[in-house]
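First comes the structure, then the notes that go with it.
Going by the order they are written in, the chains are A, B, C and D; count residues from 1 in each one.
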Amino acid sequence: MSGNAFGKLFTVTTWGESHGPAVGVVIDGCPPRIPLNEAVIQSMLDRRRPGGSVASTRRKEADRARILSGVFENMTTGTPIAIMIDNTDADSSAYRPFADVFRPGHGDISYQAKYGIRDWRGGGRASARETAARVAAGAVAARVLEREHISVRAYTVELGGIRADKRDFRAVDENRFFCPDPVAAEAMERRVREIKKQGDSLGGIVEILATGVPAGLGEPVFDKLDAELARALMSIGAVKGVEIGAGFESAAMLGSRHNDSISPEGFQSNNAGGILAGISNGDEIRVRAAVKPIPSIEKPQQTIDEDGTPRTLSVRGRHDISAIPRINVVCEAMVCLVLADHLLRQKAIQS
Amino acid sequence: MSGNAFGKLFTVTTWGESHGPAVGVVIDGCPPRIPLNEAVIQSMLDRRRPGGSVASTRRKEADRARILSGVFENMTTGTPIAIMIDNTDADSSAYRPFADVFRPGHGDISYQAKYGIRDWRGGGRASARETAARVAAGAVAARVLEREHISVRAYTVELGGIRADKRDFRAVDENRFFCPDPVAAEAMERRVREIKKQGDSLGGIVEILATGVPAGLGEPVFDKLDAELARALMSIGAVKGVEIGAGFESAAMLGSRHNDSISPEGFQSNNAGGILAGISNGDEIRVRAAVKPIPSIEKPQQTIDEDGTPRTLSVRGRHDISAIPRINVVCEAMVCLVLADHLLRQKAIQS
Amino acid sequence: MSGNAFGKLFTVTTWGESHGPAVGVVIDGCPPRIPLNEAVIQSMLDRRRPGGSVASTRRKEADRARILSGVFENMTTGTPIAIMIDNTDADSSAYRPFADVFRPGHGDISYQAKYGIRDWRGGGRASARETAARVAAGAVAARVLEREHISVRAYTVELGGIRADKRDFRAVDENRFFCPDPVAAEAMERRVREIKKQGDSLGGIVEILATGVPAGLGEPVFDKLDAELARALMSIGAVKGVEIGAGFESAAMLGSRHNDSISPEGFQSNNAGGILAGISNGDEIRVRAAVKPIPSIEKPQQTIDEDGTPRTLSVRGRHDISAIPRINVVCEAMVCLVLADHLLRQKAIQS
Amino acid sequence: MSGNAFGKLFTVTTWGESHGPAVGVVIDGCPPRIPLNEAVIQSMLDRRRPGGSVASTRRKEADRARILSGVFENMTTGTPIAIMIDNTDADSSAYRPFADVFRPGHGDISYQAKYGIRDWRGGGRASARETAARVAAGAVAARVLEREHISVRAYTVELGGIRADKRDFRAVDENRFFCPDPVAAEAMERRVREIKKQGDSLGGIVEILATGVPAGLGEPVFDKLDAELARALMSIGAVKGVEIGAGFESAAMLGSRHNDSISPEGFQSNNAGGILAGISNGDEIRVRAAVKPIPSIEKPQQTIDEDGTPRTLSVRGRHDISAIPRINVVCEAMVCLVLADHLLRQKAIQS
């Protein structure tokens, strides 16, 4: 429970470094008799794969998930589900020049301060590679949710300053940014190509929508559903902000406008984002995560090495221009983990 | 651990309803031999007191904190510190008309869905009254941090759409909004008076600054320091968004601008907000919380009662116009709790 | 979670020192809509009261339990239940002479080593007084179990070397040792009077029987139901050993005799004590706890003070001759807490 | 955290079934910069290997431990240490006849009741094979303890009713039962051969001794060091009882005899077993675990199948006659895990 585990009843523990032999996850607390096989996990994992977008790295990660325990004859047994993904295309040599340098925007300097040692190969534990394990776990959580008719979807609503004005969900899978606004998607494409030439990188905003969530999930006070979602999303390396429903816009709204009126047919608006007092209210849950630009850029940057000597750094190599869209499925996985956990927690107190 | 506890090593559990006999907190894990008495707790609690601002309710809460255990001869002993605050001015009769109505923007409807029962008097457990217990715990955490020369301060950077452009910390205690911009504070005052007349309410943004935090606090992956801060702040009822450092603005920045360059003298900027890869980097930690407008307003609102019958609701009574500035010290307390917990966690692995 | 909390879903946190203003407990995770009032708690607490037996101290503890939260109109609401018991008859002056002495068999020396400070008044946090809070919580757990037709009962099977040969449960409430063997109970009475004259003290064995426990409670591997029961009982200060079913006698049995045969009517014996591979099998759960003699005795003992100077100690005052029978209801409470917690945990994974 | 994880700060999560592809463990919370390689783990694992004793099965388990993460250049990095052990010699066909039968003394019937599904191959998750993962984790914990000069050793003090009267630790590694009494060891050997011929099995008692433990480890109330040790040992499948220091004999002792007198040189006896009020007192920690006879025996037993039909069962195959001595190193590992966890917990509160 030292930071690598998540969830109270549906508990996942991830392990692995970017350039070690593998990354993996142990899921403890998955209910028994849920249909599960490697293909289900693989299909969610494939959405995280680089190369699906011009914004993504050219590294070819096989990302082949193997289930090592907890599943018998294609059904979960209630015992821990261990999933392992080998690191097959890990080339550490490219990182050798940075072995003693603190790359700006990376955890090199903070890991060194914390532990006095760090695996510098590809960011080690702080690498985005770790999120492959989260996605594998999220795929299992999604199966648990599916049984209760809950579905979760992440999509891009901003990239490089370009906002999606529409929410046309049919469009999401028809562009490489998983953007629900086809016109914005085209502008994003142009923006990415332009920035790539400059050797720079871009940030953006991902929105995650959960539908079918029954009222009553979430615990009072500290484990409010929105608090748990905030933690879950902010635990993704590149995320710098999280908001629910009207989010930061709430700050400038009047109470009379922010309050969601209730009629016999349901809520008349959803500024709450589907959560009241930390507990789901039966409406759609809508959260957004602000994603910072990828810190590894070709443009030269000023930094220091472990001895405090100034260094100029230019990171070439196989890096994404933006964490979006690969990060989307990671956000989706994290929301699935939170909802699956709270679904089980709520079952525990129901009579 | 069903939602009313927070922290792994410095663990606080709060209890109590708005109109029950008392609210309180048990702190389990406070290190021994830290000087502590009721006055220290009281002085932090007093900053949460209503009446300090035109934006606040007229309810007179004595909020007298009593230490019931864990302190011996004005020193902590290492055993649980129980603190209790009596509810002395709780008048439930004002809530009787809403006993079977779901107030918009409140947790009435979600609590009813979750538990099938709720203490409707003053919002029960979902009342902001619960935060008194958090502040009491935060005061203890602040003493733990003080010993390590860490200090935390919350202040108002936006209220009713009016932004503070300056960060003049000497001004914070000189206006009733704890705003570091005296000119903005005056505009806030006017805005509050105007909205009060309309029977409406306001939201805003609180910023929390932690200085003196050593590099190395925070755990990798799920218990990243920013993830824990996000959860902590989002667990406050009125908060709808949290951001760290450049936050949502990161989404539109280029990597070359967002990355904080490092020189032998330290970081050249602080878009990271003092946290890299989830671990403090030694710089100031800066987070912001978006606060929604108070849902209890005099303006009539549409809602339903427990039978689904439409009702029109106008909430008169002793309600704040805005959760700001009373919420500020709650935000401060939550940040103190997170930092104290991670300080202890880091000590555990140091040799 | 620093040692003063117990249970994963039905979580109790106790607080309080022997001679502070009060002891108490917060129960987080109790399901909603369970009938509860102070009388229910009081009646379990009264069974822990001193004076019910010649083996017990003459200290008059009022032990009046007050419910401060989590109950509304005599029903649990799902929010934390805080219960407080004032320390009304606490006379610290009797402990003044031992303020700087380490009493043999007590935690004085280990608390001092751990914390560098200790509340020496009546044993402080290490006092048996703390168990009043456990019993209050156990009373709530018992109500949760009652709804599922599970009942738990503790009784004395050995005291001062005298064993109960019979299990006549009607006799349990008819003697002051809660012993199911009336003849043994009389011998115990004589033994206690004799030892009392000698200024010495006695140990014994408590057996706890849980009936109506459905098959399926307990988690594999580390949270086996018997492991949790062992921890629960060994966490009571005076307990030095715990065994399940045939317990230590299992060590000398052959497999053919130890294995409980199964017929269509059920198990043919119960050497397992109702638990197989850590999971309840539907049979009665039977555990025993070995209780050491009370360490506070009038007979002179050799020890040292905080400076390491040898001291001879004779503890006069209001001390029990044996922790039995007052400890029985504490054992019962701990078993209730374990079962209630695992009942909720099992509900979480059931579909 | 659903039963497959152990420890608060030094947290281990095990996974894997007897006849799945592998078993493994993730250690989260190991301090950084502790020298570690696979050989260290292997040497502890080898002590669990079958074939070292006539009491053990002939199954050839390679038990080759691989470190997959958390170690860089032979040092721990502070990130999760994943260790995997392939199941190379798993022959499931021998278990096919028992696929729908509940073997007496096994968890078949309770797992089926709990989950409604079970991996019947070799006991699945309930198999003793799972303990290989615990031993691997224990080897890492032992390195953490070694740095603080704490050492832990398990040895056999009873087998098949034959008790070791001596504690000659030089003898422990010179007989196949790890028994500190050479004469008793010879009698054990004869007893095992005799029972093997009868197609029956034996139980026994393991004692674990921890030396060098500083005073101050263990938390008050529920996480007492003895409570944690009791849980740890009782979580091993075959263990039916646990006692500390004088243990069950305490029940018949007088207080004047049980109390350990203290002189300036230290404790004059150790009936407490090194723990007072749940906190280590600086003396040797001594605990014992009662081990039931192996339930898989050749002698015919009565049971039922999943339909409730009576069946007669005779388990042939590669089964041990006694869990001792293979279980000894598992007991040792569990004690190491408890001590390592509490060592870190104590560091957290020290200033």
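The rule is simple: a contact is a pair of C-beta atoms (placed from the backbone, for glycine too) under 8 Å apart; a residue touches a chain by one contact, two chains touch by 3 or more.
Just so we're clear, the structure is a prediction, and the values are computed from it rather than from any experiment.
Legend: contact pairs of B-D compared by residue number with A-D, A-C or A-B; the interface matching in over half of them is A-C.
Across the two interfaces under comparison, B-C and C-D, the one joined by more C-beta contacts turns out to be C-D. Centre-to-centre spacing of chain C and chain D amounts to 26 Å, using the average Cα coordinate of each chain. Averaging Cα coordinates per chain places chain A and chain C 46 Å apart.
Averaged Cα coordinates give chain B a centre that lies 39 Å from the centre of chain C. Annotation for chain A: residues touching 2 or more other chains are 1-5, 8-9, 14, 29, 32-33, 78-79, 114-115, 125, 220, 345, 349. Chain B makes touch with chain D in their complex at residues 8-9, 29, 31-33, 78-79, 147, 220, 344-345, 347-351.
On the side of chain A, the complex with chain B involves touching residues 1-6, 8, 14, 102, 104-107, 109-111, 113-115, 125-126, 130, 158, 160-161, 195, 200-205, 214-224, 226-235, 237, 240-248, 250-256, 258-264, 268, 271-273, 275-282, 290-297, 299, 301-304, 308-310, 345-346, 349. For chain B in complex with chain C, the residues that touch the partner chain are 1-5, 7-9, 11, 13-17, 20-24, 26, 28-29, 32-33, 66, 68-70, 72, 75, 77-82, 84, 114-119, 124-125.
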